[in-house]
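Chain lettering (A, B and C) follows the sequence in which the chains are written, and residue indices restart at 1 in each chain.
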Amino acid sequence: MEFGEIVSVLLQGAVVTIEIVAMALPLAIIMAFSFGLIRLYASAPFKQIAIFYIEFFRGTSALIQLYWIYFVLPFFGITIDAMTAAVVALGLNIGAYGTEVVRGAIQSVPKGQFEASIALNFTATQRLWRIIMPQALVNMIPPFGNLAIELVKATSLVSLITIGDLTFKAKSLADTTLQVGEIFGVVLVLYFVMAQCLMFFIKRLEKRLSKGLGRGGIHS
Amino acid sequence: MNGFHWDWAFMWEVFPIILSAAKVTLLATLLGSIFAIVMGLVFALLRRNSSKTIRLSVYWVVEFIRSTPLLVQIFFLYYVMPEFGISMSPLVTGVFALGLHYGAYLSEVFRSGIDGIEKGQWEAARALNLSKLDTYKDIVLPQAIRPMIPATGNYIIAMFKETPQLSAITLLEMLQMAKIIGSENFRYLEPFTLVGVMYLVFSLLAAFGIHQLERRFPKEGFSLK
Amino acid sequence: MSTPIIEFKNVKKCFGETVIFSDFNFKVEENEIVSIIGPSGSGKSTLLRILMTLEGIDGGYINIAGESLWHMLWQGQYVPANNKHLHKMRNHLGMVFQHFNLFPHMTVKRNITEAPMRVKGISREEAEASAERLLQLVGLADKADSYPNDLSGGQKQRVGIARALAMKPSILLLDEITSALDPELVDEVLDVIRNLVKEESFTMLLVTHEMYFAREISDRVCFFDKGAIVEEGKPEAIFTQPQEERTKAFLNAYLGQ
C-alpha cells in the first residue's frame, strides 16, 4: 500500500477520534462541574452519591467501564450503540477526575474572598458565581487541559469496541498490509500532534482568561 | 437472555478463574512499576545532564510518550519490534510498554523531587568533596524520596488500572479472562462486574498502603547503606 | 437612654476547646466610635467577625438596632437565624478587612458597584455615580478602571473602605485595616477615616494597633484581654491614667519606646 493511502485512511480514523473527543469533553465538563459542586455544597445524601460516582469511576479502569456499558447494559434491556457507549464511558470517566479539579480550584480561592462577599451581603449563589467561580476558573484551566489530553489518549480504547477511530484503523491496516512500522509510527505522530494542538489552545485560553480576570489576577 | 438478575452461582463459578487471572494483572503491574521507576530515574537524571542537546531531546521523548495513548504504544511494541528482530511475549511487551509510559510520568515526579532539595545541600556536598554518585546516593535521594511517595504511588495505581489494555495483545489478565468467560456463556454481567470490583478493591487497598508508607517514612529521610 | 445599636448579652464563643468569650457583655450607642485595643489573640477580631456573621456564637444574644442578630422569632420562640434573617441583618453592617479582600477579577469601580447593584438592586447609573463620589472621597478618582493588583497596599485599602461604604451600612467594622501596610502607607488610609467621621456620623467599631489614631478618633476605648474588657473609658483617661495593671503594661510596651 502507498504511504499516501495509509495516511489518508488513518486521517479518516483521526476524524472519528476528534468527534469522540468533541462529544465526550462537554459531557466530562458538565459532570465535573455538577458533581464537583455537589461534593462541595450539597447536603449529605447527595454528597454521598457524588462520592460514590467519583470513587467508582476513578477506582475502576476506563476500559472496564467501557466494556461494562457496552456489553453489560444490553442485558438490562438498555441497548446503546458503540459510539454512545464510548462517549458516555469516557465522559463519565474523565468527568470523575474533573470533579477533583473543580473542587480543588474552588478551595484554592482565598478565604478572604468568601468573607468579603458575605460582608457585602451577596447571596450564596451570587458568592459562588460572581466572586468565587471567576477566580477558580483560571486555576482550573491547566489541570483541565491535562485531562483533555488524557481524554484524547483514552479514545484509543474505543477501538476495542469496534469503533473506527484512529487506533482501530491502524490495527486493521496493520493486519492487512503488514506495513506495521509506518502505520503505527504515523499514528503515534498523529496523536502527538493532536495533543500538542490541544495544549496550544489551552495555553492561549489560560492567558486570555487570566488577563480578563485582572491582569494575571490572583497569580500575582 | 434473561440476564436481568444477578446469578450468584455463576459468579462463584467465575470468581476463582478471575482470581487466578488477577495474578497476571498484579505481576504485570509489579514488573511494570519496577521498570517505570528505573526509566523515570534515567529520564530525570538525563534531564539534568550538562549537554543541552540531551536535555532537550529527553524532554521531547518524555513529552511524546506522555501525550500518545498507551494502547498504541503497546501495539507498536508488539507488532513493530519483531520487524527489528525483537519478538516479545505479551507479558514482556506489556511490562515494557507500561514501564516506558509511566516512566515518562514518573520522571516529572522525580525531577521535581530532586529540584525540591535546597541549593545549600548540593553546595554542602560539594564542599565536602563528595562524588556525584555519593551526592545523589547519600544526600539527595534520602531527602527527596518521602515527598515523592504520594505522586509515585498514584501513578502506579493509575498504571494498575491501565493493565486491562494488555488484553488487546491477548495477555490473559483479568479483563481478557472475563471477556472470554462472557462470550462463552453469553453472560457478561457477572464477570465484568467482578473485574470492576476487583479493581476497585485493589486500588483502594493500594491507596491505603501508600498513605501508610508515607506516614511511616521518616520525615528526616534515611541513609542508604 | 435610647436602645444601644449593638448589644452583646452573655455571649459565649469557643473554637473547639479554646474559649474566646465565656460570658461577654458589651454595648455600643448609635453614632459612637469605639476602638478596641489589646494584645493579639485576645478575641478582638472575633468580636467584629461575629458581628459580620463570619463566625457564629455558642451562647447568649446579640442585638443590632434592637433586633437579634443570630436568632429570630419563630412561633413566639427565639430560634437560630436562617439565611434570610442573616441576609436582612447584614444590611446594617459593613466591614473593612486587614488584608483588603478586594475582588481581583473586577476593576476598582466594579468592586464598589457590584454589591449595591446585585444585592440592593440599585441601577447601574446610580451605583456608578455613587462609586465615583466614594472614589473622590478616598482620593482614587483616577483609579476607577484599574484592577486591584495594580494598586499599592494603601490604595487597595482605600478601595476597601469605599466598597464597604457603598452599601451604606449604619455600622462600620474596621478590622486592623492598617496592619498589613508598610508604615509609610498607614497615614493615607487613616486620613480617609479621619475625613469620613468629620463629614458624616457613623457607628464605628475598630480593632487597631495604631494607638495615636485610636486616641484621636474614638469616643471610647476598650482594652481587651483574654476575651474580656479589662478597662474602658474616654481615650484621654485610658491613655493617660490607666487604672488596671494589665492596661498599663500593654500601653507601656506599645508606647514606651
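Quick note on the criterion: a contact is a pair of C-beta atoms (placed from the backbone, for glycine too) under 8 Å apart; a residue touches a chain by one contact, two chains touch by 3 or more.
Quick caveat, the model's predicted, so the values are computed rather than measured.
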Self-check item: Most central chain, judged by mean C-alpha position against the global CA mean
Solution: A
Practice problem: Write down the chain pair with more C-beta contact pairs when A-B is set against A-C. | Solution: A-B
Self-check item: Between subunit C and subunit B, distance of the C-alpha-averaged centres to the nearest whole Å
Solution: 55
Quiz item: What whole-number Å value describes the gap between the mean CA coordinates of subunit A and subunit B?
Solution: 22
Quiz item: How many Å are there between the centre of subunit A and the centre of subunit C, using C-alpha atoms for each centre?
Solution: 45
Quiz item: So which stretches of subunit A touch two or more other chains?
Solution: none
Quiz prompt | Multi-partner residues of subunit C (each touching 2 or more other chains) | solution = none
Self-check item: Partner subunit C, residues of subunit A touching it in the complex
Solution: 110, 112-113, 115-116, 118-124, 126, 130-131, 134-135, 212-218, 220
Quiz prompt | Complex contacts: residues of subunit A adjacent to subunit B | solution = 55-56, 59-65, 67-68, 71-72, 75-77, 149, 152-157, 159-160, 167, 170-171, 174, 180-181, 184-185, 187-188, 191-192, 195-196, 199
Quiz item: So in the complex, which bits of subunit B are touching subunit A?
Solution: 1, 3-4, 64, 67-73, 75-76, 79-80, 83, 161-165, 167-168, 175, 179, 182, 187-189, 192-193, 195-196, 199-200, 203-204
Quiz item: Inside the complex, what are the residues of subunit C that reach subunit A?
Solution: 52-54, 83, 87, 90-91, 93-95, 97, 99-107, 114-115, 118-119, 147-150, 163-164, 167
